[in-house]
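First chain A sits with chain B, and in the next complex the same chain sits with chain C.
Now for the complex of A and B:
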């Protein structure tokens, strides 16, 4: 990987390469360029994740000519697909080096921080929702119990906005979660469950299921589970899976798409002849 | 498209335990009877479901409330009993 990056930088395939650099024993996001090519020695693949595609999109917007290289996981690739659909990342100027990630029957060994999540404690299992549960298991609770369990989770929220800030597909300049007319701002705890449901609805057809929000959450709210359910509903209703294909997300389309060709006008007039 | 959006919202609300409280029906301006029927049915349905459990949570003293709300303890405070009384305007004294 180091040789590949070096070759890319020297040949000018990319002007800047984003990856993780080992700093005092901690992998941190770092931009490698020809100027600091000696830093490449400390480039690490590792299990630690960070949404580098966010930096790539920002850099690409600020420098319209820069070519950007990226150490990309499978979730990074899906995020780039979504960002390019929303016109946030010019994928023709972004080169990626694929990292070993997301285990499958073909490759069991994968490097990802999500593969070994902490196990939920007894209290959380009893009153809340286990982060490792699947949406169907949660849907099997009685509605009243389900509500109580979700509210237990949502009430722990300290409104740090960590889920939004880490999210690779959250790019809006004006965020609904900070809009004083939409959500009560400046109060703690946030308005539950509105705060969380607004974010959940905005993730519909957009969430790439990377799980970074859940990792970032200091209150251990099962956000990935919630967004997974939201995306399952989108898949069910619209036959749309975020991060795959070139289709625009379903919630962007207003009204039905016209299925009939417009009728050609006769004699240059739209009115029928009498 | 609107139908699908509503279905989406209904399913998301149902997933967090607030299901059955959202309804959409297409009624022409000429279908007064259907309108009355739909509204009556939905009112009955909501009455059977009882007051919105969310109401117990959205209060200024939320931060002082116990963090864990057991399913049975939802309607325990005096304020909520007051709400339960107020939510039935067509019975009793009135």
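Now for the complex of A and C:
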């Protein structure tokens, strides 16, 4: 990777390369340029993830001529895909070097902070929702029990907005989560489950399942699972999976008409059950 | 176009979470949790997430102010310290040392807190020392 980045910087393929650099034992995001090319010695794949694609999109927006390189895991690539479909990142000016993340003997550089999630405690297992559970397992709880388990999770929220702040595909200038008529502002704890459901609705067809939100959540709420669920609904209704392909997202209502038609229903059900 | 990521410690409370500042062209534009910091392990509270806002706030105090004639007047540190010490001396002389309390901070270093209590006990002569965690 180092040689490739060096070649890119020297040939002007990119003006700046966003990757991770080891600083005093901490892998930190770093902007490599021709000016600090000796820093490339410390370029590492990094075991932790920061939303590098967000930094790239911001830099690209502020510098209309800059070409940006990016160390990209699979989630980074999905995020770039979504950002480009929403016109938030000029992918023609962003070059990526692909990094591995899934563990396999063939991919020795596999490294992702998500591969080793902490185990849920007993109380959480009994009354809440295990972050490592899959949507089907959660769907098997009785509706009332499921609701109370989700509410147990939501009421822990300290409204830090970390989930929104770190999300690579959250880019709106005006955020519904700060709208005083939708969500009480200046009020703690936030109204549950409205706060979380508003965010969940906005992640439908947009969340690329990177898990950064859950990693940033001080209350250990299984956010990734929640957004997986809403994405499953979008997949059922529109046959759409965020981060894949070139199709515009179903809820992009800018323009003449909604960009996607619902897929044909089976047995007349408007909302397929999962 | 210059972009830097600077690790630091949150300046709000005594926990001292690790933060990562994003600095673009010399201006602080964003704060992120430091993922590998042993204290916060990649999480922050709402204050920590918004440090860049107060650093860049136009309301931020950048020099000492003295209240005189009902208004705040800008001054330099030398004068501010002189006026403060004169006033403190006056108060101690008139009302005794126990009319003064010293409030320290969980955000200061051990040594600074030590100095502050030394100042309270040895210079002013009072045991009225407390800190922000009990306010």
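Following the convention adopted for this analysis, the second predicted complex is superposed on the first by the 245 of 274 C-alpha atoms of A that agree within 3 Å, B and C clash if a C-alpha of one lies under 4 Å from a C-alpha of the other, contacts with A are read in each partner's own complex, and residues count from 1 in each chain.
As a convention for this text, a residue touches a chain if its C-beta (ideal position, glycine included) is under 8 Å from a C-beta of that chain, and two chains touch if they have at least 3 such contacts.
The model shown is predicted, which means the values in this text are computed figures rather than measured ones.
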Review point. With the two structures laid over each other on chain A, which partner does A:204 touch: chain B (first), chain C (second), both, or neither?
Key: first
**Study point:** Partner chain in contact with A:152 - chain B first, chain C second, else both or neither
**Key:** first
Check your understanding: Thinking of the overlay built on chain A, is A:229 touched by chain B (first), by chain C (second), by both, or by neither?
Key -> first
Point to revise | Most chain A residues touched (candidates chain B, chain C) | key: B
Practice item. Please work out whether A:193 is in contact with chain B alone, chain C alone, both, or neither, and reply first, second, both or neither. Key: first
Point to revise | First, second, both or neither for A:45, with chain B first and chain C second | key: neither
Practice item. Could you please specify the touching residues of chain C with respect to chain A in the complex? Key: 1-5, 7, 20, 22, 24, 29, 32-37, 42-46, 49
Exercise for review: Sort out for me which residues of chain A touch chain C in the complex.
Suggested key: 15-16, 18, 23, 25-31, 48-50, 55, 58-59, 62-63, 66, 113, 158-162, 165-166, 215-218
Check your understanding: Which part of chain B faces chain A closely enough to touch in the complex?
Key -> 1, 4-5, 7-9, 11-12, 14-20, 53-54, 57-58, 62-63, 67-71, 74
Practice item. Would you tell me which residues of chain A are touching chain B in their complex? Key: 127, 135, 138-139, 141-152, 155-156, 188-189, 191-193, 197, 200-201, 204, 226, 229-230, 233-234, 237-238, 250-251, 253-256
